[in-house]
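Pasting the structures in now, so scroll down.
Shared between the two complexes below is subunit A, which pairs with subunit B and subunit C, respectively.
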Partner chain A sequence: MIAFIIRRLLQSVIVMIAVAAVSFALFRFVGDPIYSMLGQEASISDREELRDRLGLNDPIVVQFARFLGNAAQGDFGISYRLQMPVAELILQRLPATMELALVSATLAFVTGLGLGVYTALRRRGILSNIIMTASLIGVSLPTFLIGVLLIWVFAVELRWLPSNGRGAVVQIGNWWTTGFLTTSGRLALILPAITLGLYQMTLIMRLVRAELLEVLRTDYIKFARARGLSARAVNFGHALKNTLVPVITITGLQLGSIIAFAIITETVFNWPGVGALFINSVRFVDVPVMSAYLMMIALIFVVINLIVDLLYYAVDPRLRVDRAARSH
Partner chain B sequence: MTGAMTDPLLSVRDLVVEFPTRRGTLRALDRVSFDIMPGEVLGMVGESGAGKSITGASIIGLIEPPGRIAGGEIRLKGERIDNLRPEAMRKVRGRRIGMVFQDPLTSLNPLYTVAQQLIETIRTHMDVSEAEARKRAVALLDRVGIPAAARRIDDYPHHFSGGMRQRVVIALALCAEPELVIADEPTTALDVSVQSQIIEVLKDICAERGAAVMLITHDMGVIAETADRVAVLYAGRMAEIGPVREVITDALHPYTAGLMGSIPTLTQESDRLVQIPGAMPRLHAIPPGCAFNPRCEKAFAPCRETRPELMDRGNGREVACWLYDTVATGGMRNA
Partner chain C sequence: MTKLPSALKLTASALALALAAGSVSAETIRWARVADALTLDPHSQNEGPTLALLRHIYSTLVSRSVDGTLEPNLATSWEIHPDDPSVWVLKLREGVTFQDGAAFTAEDVVFSYERVLHESSGFRAIHADVTGAEAIDDYTVHVKMSGPSPLYPNNLTNFFIVDKDWAEANDVVAPQNFAAGEENFAVRNTNGTGPYQLVSRDPEVRTVLEAHSGYWGDAPEITEVIYQPIPEAATRIAALLSGEVDFVQDVPVQDIARLEQSDGVKVVTGPENRNIFFAYDMTSEKLRSSNVDDNPFSHPEVREAMALALDRDAIRQVVMRGQSQPSAAPLPPFVNGWTEEMNAYDAPDVDRAAELVKSVYPDGFSVQLDCPNDRYLNDEAICQAVVGMLGRIGITVSLNAQSRSLHFPLIEKWETDFYLLGWGVPTFDSAYVFNFLVHTREGSYGAYNGGRYSNPEVDAKIEQIATMTDLDERNAVIGEIWNTVMEDRVFLNVHNQLLAYAVKDGFNIEVHPENSPTMWTVTVD
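On to the complex of A and B.
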């Protein structure tokens, strides 16, 4: 178990170094930072001096090592556009994205699981067919269109919910702001959370349904029925638990995508999160922010993957090899 | 019903099971009748697709949809069980009829320990405490031959070998003390070396508890050693039923005779096994008359026209074959 964690941690470090290399390459290929910083009027000697001072004349390997060292300490440099430390910029906007992602992931997982189980157990029901057809729409409509449609219906026509922003937020500690504690904050979350989570929800629902139907055909489910266990024990105890392993994988990866793809939703709803920050950085070629964002998303994916692997252990005893070795 | 000593535990009468398909309705079982006496071992033999497993599934009420019982009745101690409501039938399963499946590697839920599965089953059917259920489970595992049962009970299925898992499956099928155990090819997926041990365990433990066994298999050797009576199915119809010794040594139905001829024996001089020419008809192409007539050497006129019903031949033997009908043979042959 511990050997496994150490092995996975080493793999994670390798992945992060690879992503860091890509982030680092951004500085060299997306324009010349000296031009961005000094503008058109600076003299050649000024430029050379700054280039030298910033260490841009050092060998690439040395520059990369410096970049890695700084990144490991959370130092991603200064934003070209906003003239603030990048880490600070991201931390400021991270709570908005995290809360949005958390709410939509929970929404997607809970309703996806529920609807998936329902449509699998009532395979031939009318309601199941309606849900399955509706889910096709959820899968095929693009996120921005869903967002715009929701805004049109619930914000413009019905005027029930706000169309943009986070509402009022409350400061918690030094750097976390939350919208959970105010009514306007909670109302503001609803539309973006649905927009962001709808695709993931339909995906999870279809996955749960397919997996559950597969499991319900297995011998051990037939045997459980033949022992007279109640439908509830068979469906929710024996069958559902066996569908969880693939569902956990996909849900974990989807949580990563929810954070990464919040960009579109945040743009549509003018949500003050890291996705909106990233879009603006791209527009102004603010390379330090772009590269830091890239590394942050990679880190989130790596951490989620690690958690998913550990959850496998919790769910599936067949993976606990050391125990098997002991009992034989 | 002349002077029956005891009432049958299970009585199947004219059972018809149909599967609607796009090409029409298939009859997987066509008016199958047989009895199982309390404590008896009935062997059910036949080729793949003859309807052995479907018979077992219909008795325990677990035919895969869209298959359905389209006729006949199944009685357990005189009470009809083929038309019970789902909840009432669920209480029969496990409690009064246990079932052992073919493949022990896939019969157990991989995510639950053996103890969890046993205790859950016991407590579903019996009003006992967790501790009492566990005590029973350990005793049962010990009885089916799991060494160090008290310790091994908390292991997961994948910690056990195939033979050991089948012992666990038997324990699970028997843990609520059913009166009838349906064993559907319980040894087919196992190593030859452990097959006889598993059959032995199953037979002994059922004998101890007075449980009857319906043993579904295509292995005549297993039937010969284990069963009291044997029923032969062919293309969804009952061909012959009788005490196992008589059926093996003196088969009445030409199909049974062919089946017995195909058992390899060490004492036999011949290098070649006897084969029945042809193959069993597919369910949508069963010929008129006796289903076996195209492959039968002894077929004559009525065999191709009218289906023969089971006829009582005395000594508990029954056969569905025109050769034994005095009117049909009309003195042409000596049956």
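On to the complex of A and C.
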């Protein structure tokens, strides 16, 4: 067990370094930050001088080594754009993204599970068919469009909910701000959370439905029915329980995607999270912020995968021998 | 029947009165724009949104009014020294205080000069001719130039004055140095002489300003400014329509018509100090992207044909939805050196243009057009339209539209044959256009002369006007330079951009040619 964990941790470090290397190689194609940093009056020699001072003229390998060295000491540099320490900028924005991701993941899981169970049990009902058709729209409509539509209906036409921003926030400790404790903060969460969670919700719903239908066909369910157990006990006590293992795995993995793909939702709703920060940084070619952000996302995925692996290990005895031996 | 409306009217007017009474004591404006100020350091970033926000907190010696003329601000007068034409004498306003209570004196101006000329300043190039500033007494400053600089005060409109003692006490005698890896105190803290002072700032989320009670000028009607960057256009407009913001500065041209029809919102438009034009490599032996063995743009016939193929009115109507002023020279109308003729452009004549191309290249030729897609109003769409127009006269253009951070290096490194560029003239004088776009590239000249145009005669004249003190003679030389530039067809100009501001009814805002609206001049109905 300990050997397995150590091995996985080492692999995680390698993954992180690989992500950093790939992102660094890509930055060259994003453009030259100097044009955003200096005004149009700057002479060619001024530009060259700043490029030199920032070390942008060094070979990419040297830049990468410098970045890794500093990052290992927790120093991600100063943002070219906002002139603030990158680590502080990201930590300031992280609570907004985390709260949004948490609410939409919960929303997606609860409604997805409920609707999935309903449509599986009432397979031929009219409502089930309507839900299934509607879920197709949820899967196929781009997040951007859903966000704009929701803003249009609920903010501009009905004026029930705010169109953008996070509302009033409360500071907790040094590093956390929360919108949960104010009315405007809670109202501001509704539309972005729905937008961000809609895709995951339909995904979970379809997964639950498919898994449940599968389980309902198995012999032990038939047997339970034959024993005369109540429908409730059969459906929820036996069938649903066995459905949940893959559903929880997928939901956990999707949490990483929700954080990473919050970019679009954050842009549409002007949500002050790390995703919006990243997009603005790409526009400006703010290399320090971009690299730190990608490292953070890589870290989140690595940690989630690690936890999932460890959970497998703990939950499913059949995997233990297999996993440890294969060590993929 | 008649009684009810009048009663209503009475209530309404009482309500209006109450509102008006309220407006005297406190009026807030919520101002949304595409991007936030990058920093609050007054000498670090020479960039539009940064300057626009800082102008509310820090003051300049001289201001630019909405009609483009210079107005006194912290300097009450400026004149050339009677004995030395290379010295500007600035008389400063008395009785001005910084927001921390310190008095404004000549030593603050001298210190600000040192700071703005520092290596890490973003404004060094604007003051490149300044060799030093000297305080003669508390309210007189002599600015020494490397030679006579008759139009130098035009360069003062974005030069913010900081308090020397404050800067020294907080260790911010120089602007942010990125290589140092530390955040400068001035990035998030301010102390200016402007009409507003900083209350709070959450970068890229919200910045709140309140009226500075010690401001030397008239107290503004707007007493609180809440500034919110909203990058996404649809969200920005939605926020205005839903009443969450009062003023949207960057209105996409496609939304103008709809906003004009919406209740409670009005749109104001005005010319921006920015021209959009194409330029091409006229001097290389061979182009990088063309299928012919010589340089098509070196032929005057081809350049003329391109000018005849360009249908500026079509671009104005279809691409810009009427929001542009087509013109023939890359110079906004309020800039010194502009003449009526610059607005006159040939009507498109496709047949004649096609013939001209055919006379040099019977089979036509191909070339790549480089275009930014996130810098100017509908920049990529303008390029697409021009690709079609040139296609009709036998020029096959492949479009390479990309982000500005990839586009501008092409011009600097001379890696483009044919490109779109927009140019503003912050000094409001033609010399600025010549220095950057027309003069042969050498030293500080010609940084954006991506067309490699080089004419020794023109270069000599450009250098000459830099130090000419007789303004009439100088303007005559400027006219000569423009004539040559137009005859040689150095630029294929498209139009002057128009700005559109959308504002909630009740607020009166004028469009500023530098796109730097001032909240202290906003009036409330």
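Here is the rule we go by: the second predicted complex is superposed on the first by the 250 of 328 C-alpha atoms of A that agree within 3 Å, B and C clash if a C-alpha of one lies under 4 Å from a C-alpha of the other, contacts with A are read in each partner's own complex, and residues count from 1 in each chain.
Criterion: contacts are C-beta pairs under 8 Å (C-beta built on N, C-alpha and C of every residue); 3 or more make two chains touch, one makes a residue touch a chain.
All values reported here derive from a predicted model rather than from experimental measurement.
The larger set of touched subunit A residues comes from C, when the choice is between subunit B and subunit C.
In the superposed model, A:Arg227 makes contact with subunit B only, not with subunit C. By the touch criterion defined above, A:Gly74 reaches neither subunit B nor subunit C. Applying the stated contact rule after C-alpha superposition, one finds that A:Thr218 touches subunit B and leaves subunit C untouched. In the superposition on chain A, A:Pro142 contacts neither subunit B nor subunit C.
Residue contacts after overlaying the shared chain place A:Arg53 against subunit C, while subunit B stays out of touching range. Of the two partner chains, neither subunit B nor subunit C is touched by A:Gly125. Comparing which residues of subunit A touch subunit B with which touch subunit C, the overlap is empty. Taken in their complex, subunit A has these residues touching subunit B: 218-220, 222-231, 233, 237-238, 241-242, 315-318, 324, 327-328. Listing the residues of subunit C that touch subunit A in their complex gives 35, 38-39, 41, 44-47, 122-126, 176-184, 187-188, 202-206, 228, 230-232, 234-235, 238-239, 241-244, 374, 403-406, 408-409, 412, 423-424, 426, 436, 441, 443-444, 447-448. Here subunit A touches subunit C in the complex through residues 29-33, 35-47, 50, 53-55, 75, 77-78, 80-85, 89, 148, 151-152, 155-156, 159, 162-166, 267-270, 272, 276-277, 279-280, 283-285, going by the rule given at the top.
Touching subunit A in their complex are the following residues of subunit B: 60, 62, 86, 90-95, 98-99, 101, 103, 106-113, 120-121, 124-125, 152, 155-156, 158-159, 169, 172-173, 176.
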